[in-house]
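Structure first, commentary second.
Labels run A, B, C and D following the written order; every chain starts at residue 1.
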Amino acid sequence: MEVLHLYGSEEQKKQWLEPLLRAEIRSCFCMTEPDVASSDATNMECTLQRDKDHYIINGKKWWSSGAGNPMCKIAVVMCRSKTVNQNDRHGQHSMILVPMDTPGVKKIRPLTVFGQDDASHGGHFEVHFDNVRVPASNILLGEGRGFEIAQGRLGPGRLHHCMRAVGASEYALELLCKRAASRQTFGKKLYQHEVVAHWIAECRIAIEQTRLLALHAAHTLDTKGNKAARKQIGMIKVVAGRMASKVVDCAIQVHGGAGVSDDFPLAHMYAYARTLRLADGPDEVHLSSIAQMELRDQLRRMSAKL
Amino acid sequence: MEVLHLYGSEEQKKQWLEPLLRAEIRSCFCMTEPDVASSDATNMECTLQRDKDHYIINGKKWWSSGAGNPMCKIAVVMCRSKTVNQNDRHGQHSMILVPMDTPGVKKIRPLTVFGQDDASHGGHFEVHFDNVRVPASNILLGEGRGFEIAQGRLGPGRLHHCMRAVGASEYALELLCKRAASRQTFGKKLYQHEVVAHWIAECRIAIEQTRLLALHAAHTLDTKGNKAARKQIGMIKVVAGRMASKVVDCAIQVHGGAGVSDDFPLAHMYAYARTLRLADGPDEVHLSSIAQMELRDQLRRMSAKL
Amino acid sequence: MEVLHLYGSEEQKKQWLEPLLRAEIRSCFCMTEPDVASSDATNMECTLQRDKDHYIINGKKWWSSGAGNPMCKIAVVMCRSKTVNQNDRHGQHSMILVPMDTPGVKKIRPLTVFGQDDASHGGHFEVHFDNVRVPASNILLGEGRGFEIAQGRLGPGRLHHCMRAVGASEYALELLCKRAASRQTFGKKLYQHEVVAHWIAECRIAIEQTRLLALHAAHTLDTKGNKAARKQIGMIKVVAGRMASKVVDCAIQVHGGAGVSDDFPLAHMYAYARTLRLADGPDEVHLSSIAQMELRDQLRRMSAKL
Amino acid sequence: MEVLHLYGSEEQKKQWLEPLLRAEIRSCFCMTEPDVASSDATNMECTLQRDKDHYIINGKKWWSSGAGNPMCKIAVVMCRSKTVNQNDRHGQHSMILVPMDTPGVKKIRPLTVFGQDDASHGGHFEVHFDNVRVPASNILLGEGRGFEIAQGRLGPGRLHHCMRAVGASEYALELLCKRAASRQTFGKKLYQHEVVAHWIAECRIAIEQTRLLALHAAHTLDTKGNKAARKQIGMIKVVAGRMASKVVDCAIQVHGGAGVSDDFPLAHMYAYARTLRLADGPDEVHLSSIAQMELRDQLRRMSAKL
């Protein structure tokens, strides 16, 4: 929805954004591909070919969240143009609107995350595009401007995930404390075991540090915009998944066997937290760009001192 | 099977061990309980009551591996006697043989580990015992000797799990290397990224250190017996699950989305590795007893110096 | 100075605080003792005995910062009263003003921190008090109120140390980046090695998270006071020393041999950062009290939900 | 001494090795340079120039251990030839014997490690070579064969350091246990605090894993030689310094202020352990080459399966 809101034409908004906002339909986003390392987005191979006033799309996507929901009527698909800007690694990709009922769109299979299929949200699907033909007017913003859109959309999207991770961690810590107060070993409540007590403290510290970083990134995003917030969004992206994985892991340990079972939401939360570390660009890609920005900032500061 | 082999009477062996060895039937082990923190085994509450020449068993167990297998005909159940050694925390528990078809034995439900049910091995079940009556001769070794049996059986059992964890980690590292050699980002194979290369090195180091510790523990177990190997088995127990979790986690990260899906065995391996850190006594219980043994050993060494 | 400012009588302030503010003299603080684990402050044994209108002080202190400075004229000494509140662990201690030239005050020796003596600031001294007699009016706030003063003073004092640690870490990261940009191995600048780049990113992340936590704690301290800020001050205390140790350690590694030598301030900064983890209460004591506060907060929240 | 033993000519051995073995003189090794990142040994710049039947040496070295010892009479100096193998990065360096009293050899200054100068062993020195002229027969093995010698010498040398690190860690753990048994906080001996107990266990585990890895590497070195042991020596090199740093750090924390002072050998041991992580090639260089060897081994194994 954000993509349409920010980059859709009036006509595109009327046709798709309005029913989305009325919750009559849902959308999905087709970016990651099974056959290439999509952490480098320039690797994406799903092709876009102009054919008079249409585009033809061919390729494979997966981890398209919600594609399995019967209400999902429209996909935003990232493609590589065969003709545009062939010398510019970041100018060959486009985003295009593809109605899910277009001939050639095939929902291949739902994927699982640590064995869980998340069916209630429509799952994560592998979707193939087989000579899919859509009107040229379905292109978003213009051919070759896919990365521009991705930059504009992914920042806030990442931050939402991080905030959810903070919320999930708060809940995990609450469960941890409850369990530690209700079970007893070797003559003491679990929370009276110093090691468990220190976990509680470490989890609280980690959550606080992450919350503050998320708020700071959100504040920068709101007041200075997407570009100024890039470094901070990169930082919170790395921190949130890692922190949530750690907090949920502690909570699991305190719950014993119950923690990995379906009796508690912890195993499910772990899958979410773990996935954060590789979704929306794996942490390693973000660390590399944070480093680059830091070096640039240090250089500026040194020059300023001279 | 090991329990029967080591502690069964001739009659018990004849009736149960022989068909087990002929693979005509299978067994399960009912120890952990849902309602108490079973990491302190003295917490277990499933009761054993003598009624003339029978025992009556009442209680709830879970994580009974393989109980769901149709070939599973016999359970070894850990119970607390209501009459024996009431002043000795480690002398009140007993192990008893319970045929699965005894009235009152109820397979309540299969449990999942990170959403996976491991049905192929018969799953992990919650099993309730409701006024289950078995002949007194089904007791193993004698009433109140349950901990003695547990000590004798758990050491080697833990080591087997650790060896499996080493094997699983080797496989995960192999998958990691293959993937790192087949995918490319930012103009380089994944393994040419220094960070990924260092993961490979760290995984190899961690596996080697764990393998050597496991071999050392096994050697001590074989040559000096269960008791002499206690500290080493505690150490390998802590190390193996932790190491395997780390190695598998690295392999998942290198695989991206594919790593958490069912397309690779990594998510499943993670569930196994993570479970190791809380099964057979959570790591924290082992760390506490390793510390106690270390302090005792240090004391001895200091005395020897005087 | 803060202690005198907050808890000194008018007369005490006139005699000692005013020359301190004019920088004519300096003070030192004598709390930690060599013969007991001072992380539990109730362990302190230096005695205070009333003798008519005087007090007599006997005991050993160390890590008295600045005691070796020739301008250091006055010590604040934490003592245990032999007669007051013998049943209250936190009501037996007192703070008292002891002029450094009182007979019986003996500067035993300067201490080193990782081999460095910090002589420029007057060093850290071991100071013995041997039948030292001072007027009863030298007591601060009243006999038995030492912990009250400690609570009031240590919070802000800890925060100052944490802020210094953030500043030191910023400097260490600057040095790291400079070095990484000026040296070359295997055909690349050091910062072009992905592992070094990721260190830079991790250091920046750690510093940001700590800075935000410190600012938040300072804000709470300023707006809601010492008591409301206790949990946050505990958290920043734990985080700051740990973070600074990590950042400085990375910077050392990038500098190679030069990093541990006196050619760069890094070895000195490491000593400071490492000391933070055990000074003003070791991290472990703080983790335990954070856990207690967290459990109390969770309990309140649960009750509020009902 | 090892270098002379393995690579010295008969004459060289007679002149230098024999008095070394009789402990009449000592030697030092001049490799690392202050002006280049010496972790990449090909960076070394100290020049070697043939002048008829002499060589002339010009350059700066530092961290020459023992150079300050008055008994130190001979240096082994790594130099870069200006004429030999200019196209082979690993064929330009040579090792040459330089008597310490040769004109132009200047002991510039002792270096400190975390403020400690290790004077008792002759310290670590910065040594400059200013038009130093020695007979051509002083060359070891032949011009351009410096790396060959380094490979032959550094493996066993690294292992010795690792074994020392294991020994130091054992001593640190012993001190930790003693202190934990002699001090008390909050009504318990320190070792009765669960967190401290777990440190004890973790230290024992880390030491055992490192000892086994060191023994395994030594066994491979003894039975299969330097080359076959390369991967294992790389692994133990990385593990030993890291482990010793961790164990000594725990011991310091248990000792409180005393731990960082000179009252205990811990601060000194920390300096040694920390230095191990960057001496003899920083850990990162070793991790990179372990990764390369692992990938090669995996490839072999995969080919073997086909």
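Annotations
To be clear about the criterion, a residue touches a chain if its C-beta (ideal position, glycine included) is under 8 Å from a C-beta of that chain, and two chains touch if they have at least 3 such contacts.
Remember, predicted model here, so these are calculated numbers, not experimental data.
If you compare C-D with A-D, the chain pair joined by more contacting C-beta pairs is C-D. Each chain's centre was taken as the mean of its CA atoms, and the one lying most distant from chain A is D. Our note on geometry: chain C versus chain D, Cα centroid distance of 36 Å, whole angstroms. Averaged C-alpha coordinates give centres for chain A and chain C that are 43 Å from one another. For the pair chain A and chain D, the distance between C-alpha centroids works out to 46 Å.
Each of the following residues of chain C touches two or more other chains: 193-195, 198, 284, 287.
Taken pairwise by the contact criterion, the protein chains are fully connected, each one touching every other. Listing the residues of chain B that touch chain A in their complex gives 32, 34, 36-40, 43, 62-63, 111-116, 183-186, 190, 193, 195-196, 249, 252-253, 256-263, 267-268, 270-271, 274-275, 277-279, 282-285, 287.
On the side of chain A, the complex with chain D involves touching residues 193-195, 198.
Of all residues in chain B, only 173-174, 177-178, 180-181, 191, 194, 197-198, 200-202, 204-205, 208-210, 212-213, 216, 232, 235, 238-239, 284, 286-288, 290-292, 294-295, 298-299, 301-302 touch chain D in the complex they form.
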